[in-house]
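Listed next: structures, encoded as structure tokens.
Across the two complexes that follow, chain A remains constant while its partner is chain B and subsequently chain C.
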Partner chain A sequence: MAHTQKLSPNRFHAYMASFSKRAFGTPSAAVLSIVIFGALGYWTWLAVDWAIFRAVWSAENVAHCTEEAGACWSVIDARHRLILFGLYPYEEHWRSTFACLSIIATVIISCFPATWTAKRLTSLWVAGFAAYYLLMEGSLLGLAQVTTDGWGGLSLTLFLFASVVLLGMPMGLGLALMRRSEMPVVRSFAVIVIDTIRSLPLLTTLFTAAVVVPILLPSWLEGDKIWRVIIAFSLFFGCYQAEVFRGGFQAIPKGQFEAGKALGIGYWKIMARIILPQVFRHALPSTINMVVVTFKETAIVIIIGFFDVLASAKAAFGTGEWAPHYMEVYVFVGAIYWTFIFSLGQYGEYLKGRMALSTH
Partner chain B sequence: MTTTEVLRKKSRQRKITIQVLLVIISIIAIWGAVSSAQVNLAALGITNGFGFLDRSTGWDYSFSLVERSINDPYSKTLVIGFQNTIFVGFISIFFATIFGFIIGTGRDSSHPGVKAAATVFVQTFRNIPLILQGVFLYSVLIHFPGPRQSMSFADSVFLSNRGLMLPGLNVSPSVAVALILAIASVAVLLVWRKVPLLRGLIIWIAAAISMSVIVAFVMRPEGEPLLSIPSLKGLRFNGGITVSIELVAMITAITLYGSAYIAEVVRGGLKQVPRGLIEAGQAVGLTQGQIWHRIKMPMSLRSIIPPLGNQWIFIMKATTIGIAIGFSDMFYIVSNSITQSGQTLELIFLLMAAFLTVNFSISIFTNWLNNRLKLKAH
Partner chain C sequence: MKKNTTLAIAVGLAGAALAPTASFAQSATVQQIMDRGTMLCSGHNGSYFGFVEVNDKNEWKGLDIDLCRAMTTAILGDPDKAQIVPLSWAQRFPALQSGDVDIIIKATGWTMGRDTELGLQFSLPYFFGGTQFMVHGDLGISDSSGLEGGTVCVEAGTTIERISANYLQTAGVEHTMVSYESAAELRAAYLANRCDAFAGWGPSLAVLRATELDNPDAHVILNDQLSSEPIAAAMRQGDEGFVDMANWTIAALLIAEEEGVTSANVEEMAATPPNPKVARLLGVEPGMGERLGIRDTWAREMIAAVGNFGEIYDRNLGSESPYNLERGLNNLWSHGGVLYAPILD
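Then we have the complex of A and B:
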């Protein structure tokens, strides 16, 4: 309803009039419009023609995949399970499916304002993550056990993403609080950690966790490579998120904290009841941005030897038969990433706009 | 003693205890790391220290700006890796900044076509992981036809599965490096002298072209033309500059990704220019272009430069994707050296030190630039 009201005939006419004035008002603007819209339209047509009209869809028809044909989606038809679930046991793929859906549902549900309290968001993410882990690992639910080595593809990417966000968020909050502390040693500790991690490429941090940390730790503390990498990745997330929270803290007048102190309320209670709820609100759009960036950056783990969605995509066309269709596989994986990142990014932009309006 | 004093004393004591505890825990952690490193390394039979830098490596890699051989010591190989990272990083920063400003201005345009094209560009390249774009481009380039069927533009630029062949000045590599440094220092000089943006840009381009022509004229080999143009001889190209496909894929991917981000920075800066100023410009009859370079750019540069510096650092860090497509950047060389020599701690230390130095220098440069471009105090 709101949408139709917004584009009532008058508004719509005004918009069209302004559009045509800007696009075709002067001869040079008109030429520019024709060239650009022509080129965009032509490219869209080429892409659609390749991806849909001339495409071959099923794996049985792979013989039709010739030079003249468009996209050969047969490769996706034949190998999508490898791309999505990696080397997870074939009969257990329903578990991977539900596990992935639980993470995706967690992300979608946390976009609704009704969930925006610290308690609800935390319990939502913990529940989503636990559902994922129990389904994938299996032994606690009485299913066949599959260890993390067997996880792969999109489900591994989603696992890395969810665990980094879940572990990194408290780290970020802790570092942000330490950075604001009145105690000089605590403050400089936070500053050193945050600035160092932020100046180093993520790959260096993850590589250090995967390769160097085993040397620095006694063998009983080493743990799995995947958990070391997740902790390092969370630290990276935490350091950036700490700066996001710092921006949120700066928006809160100092008087609020002092008022709390004057009333004799303790530090933790002031933080939990007065300051942090406002900080979270202010930091929300940038936090969504960080979450999006984290999802995008998980792709880097292929370099330190994890079988994530990019690695499984490479494996999907790695065999001789499908080797010529690398393009289709990359487009498929690219589309998965793009859809997720674009829609969350647009949502963040929308929130930013809405919050900018509500503060005035 | 009154109660407030007691409370205050207690709180002070608690603060001191927390800080002392933090220091003690840090010391124990570092001490534990050092001692278990000694145990673990001794078990592997690795001697600590930087002595390995003089040993020769015995392996080859894909790219270097200077002569290389498999007998080079580790020190030289690492320096080459560092050079490669700087080289790719600076080229990508250069192009990404130019495209970023153009596309960011397009995003801010009132013309719907220009705006749509810029938006499509940004939303495409910003929303796909850089490493995916890199390996995708690399795969496409490997599947390009060979030199005989290469794509050519104006018979002087060729793209084939052997790489990109460009016409180049007919001078030796060291002269070319000196020329590039000289051109870069002209840019620094112009910013230092606070020359207005558009005039500075024109002076800089004119200086770059004339310096290149003069240098090529003086330094070229006897009787050869100024430009060396690649040409197909049998199965390969002669003359010109050959850019390997790894390098083309790296630079293109990082430039596209980086320019999408820089475009958003530029758009954000342009949006902050007060409407009244732009309307004032329109009222006195300035054209769109004049408004852009006399009002919008000078006003918005102040808010563009600090996030732009962050994007430059980001691009420097992004060069680490090289290992995914076989380009021998610093990370690739360090990772290979670790596998081959086992000197993990020393090599990781060098890698981190290199990145901290470069990124620290970029932020010093950005601060300097910001101070130079700042409006005079009122």
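Then we have the complex of A and C:
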């Protein structure tokens, strides 16, 4: 889409000409093209017909959701607040909405190059998180307190995702640096941590944090379940991200570090000014990949009893009235995931383009 | 608190015939719930039809939730003091042991392993569900003998498979057993008429019939009960007082149904109790509360808040729910079921 818009009319014609030549150049190619495009068109029509033309939209019209009708979006109309906010108290949903928006805004603002200084990014994220927490928890703002048991839906998924990436990134960088350290103790410590966490399934790690830790620790040290899980998840993310950074480090010739040293520049300055900017650039594609995977992996917390967007979707069609319409609920949740992940991916593409410019 | 429990046990051992004046049976868990001001019950990470669900106002509902609210009312006097903690199936027992919840009321079967190795204690069973057959209505079958020469479909590797095979073999019914890897496949096969009968957990069959099949009346759940599994509330071992609390919550709900006390007429009944049992139940005569270490009127408040057992059942699984599940085994003993309350003396 984006590409065709950029083309000038002439180039568009040339593009179409080349397309028709390739698709319909020979009789057999033409037949194949017609079959494939015909099938694609038919399936698209079926999907659109189901999702839009024959669909029932409002909750009052649920009686029309018979087998002949298409998608029954009534279920979304009636239950979208459950999918978005989970078990959060109904009257307080505005708080969950604003909390969600504050996280989304934080992520969007930090995508702009203007915010890319350590000071700005840090203050932005601290502010975004504080806003989320204060709104959701409420007691510090003088609102009704909602404990983390009541958090759920999309707002919980976003919060888990943002905190895991936020905590996991520095952890990953720290571990990657430790792994490259010249001090054997530090180096082997990093190796043991990274390899141990990576050899355990994520589910086991999270289950341990959520279920086993409270049995082992004294209650004053336990903390809230959500924080234990976020820390465990971040550690998992950090260990993988450390390996991603390691790949970035390996792409940089050793000579650069040595040259810096020869000029009498200190370790931290060499890292901050010479090595890391290049490391980030090399590690970017895999980092975006990690972030996308993490967004999807947050759904695993359903196993340890968190009411994330997928769990609340299951609850949304989990009553007798709405049980036949599980398909619509899954499509809706799929669309939510797609929107976030597609945006992340597109942003990654933009970053790659930008960084490629600065390389040469 | 431990001291008190030990004391209670010591007093009990010293002479059961003596009437001790100390507040006995007051349990550590009940005390904890009172101090905390909320009771922590198990929810679900999603929904389990009829037992644990979420309504349009993002609030929990269902048979198990109502039992939790009933017990919360008994202890704290307010059903809204129940705090439902979402838990997965795998997580429920560790969560109970670590104190994340006070009790598990979550369609949990009473098994020997759980009772002994896992260190749990179970309440009186409040629900019985077992393996049953669902058949296509046009076959005109009313019991399992009609399955002679037919095809029975089950989910592979479940106890249901073994139970059905045993049952039909014992009854001398020739049949073909076909097992499917997943519940969805099984459902599709049954709907495509590849099976005459669908063997499954009774309540699940009823829910399936009510919610996913186009024409619920075209399918019949046979009366044969192949097995019966008691569903009960699970608690941590070592707090007998709390088990008493759970047992008498369930008992009071059953006695209320037996005596015709409902959420609608409970105040009326309390004003003019028809018999001494109801007077005792509703706290008009003392005794209900003291022996559990709580208020005498707990059962009255509880019935006013959530209704008797029959009302809870009808609202969540029975005639007033989309599932319309027959009481069957889950009726009072006096109506052909197997539910009964201990004696209220």
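Heads up, the rule we're going with is that the second predicted complex is superposed on the first by the 325 of 360 C-alpha atoms of A that agree within 3 Å, B and C clash if a C-alpha of one lies under 4 Å from a C-alpha of the other, contacts with A are read in each partner's own complex, and residues count from 1 in each chain.
Here is the rule we use: a contact is a pair of C-beta atoms (placed from the backbone, for glycine too) under 8 Å apart; a residue touches a chain by one contact, two chains touch by 3 or more.
The model shown is predicted, which means the values in this text are computed figures rather than measured ones.
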Clash-or-fit label for the pair chain B, chain C on chain A: clash
First (chain B), second (chain C), both or neither touched by A:T97: neither
Touched partner set for A:D149, first chain B, second chain C, both or neither: second
Contacts of A:P214 with chain B and chain C, given as first, second, both or neither: both
Chain B versus chain C as contact partner of A:Q278, first or second or both or neither: neither
Partner chain in contact with A:V333 - chain B first, chain C second, else both or neither: first
First, second, both or neither for A:I302, with chain B first and chain C second: both
Which superposed partner A:E182 touches (first chain B, second chain C, both, neither): first
Touching partner for A:G320 - first (chain B), second (chain C), both, neither: second
Chain B clash site on chain C (candidates 60-68, 186-194, 258-266 or 294-302): 186-194
Intersection of chain A interface sets (partners chain B, chain C): 207, 211-212, 214-215, 219, 302-303, 314
Chain C-facing residues of chain A, complex: 67, 78-79, 81-82, 85-90, 149, 152, 207, 210-212, 214-215, 219, 225, 302-307, 311-312, 314-316, 318-321, 323-324
Contacting residues of chain B [partner chain A, same complex]: 15, 18-19, 22-23, 26, 32-33, 36-37, 39-41, 110-114, 116-117, 120, 123-124, 126-132, 135-136, 139-140, 143, 313, 317-318, 320-321, 323-324, 331, 335, 338, 344-345, 348, 351-352, 355-356, 359-360
Parts of chain C lying in touch with chain A, wherever the complex brings them together: 43-50, 53-60, 83-88, 90-91, 94-95, 97-100, 207, 210-212, 214, 321-323
Touching residues on chain A, where the partner in the complex is chain B: 19, 22-23, 29, 32-33, 35-37, 39-40, 182-186, 189, 196, 199-204, 207-208, 211-212, 214-219, 296-300, 302-303, 310, 314, 326-327, 330, 333-334, 337-338, 341-342, 345
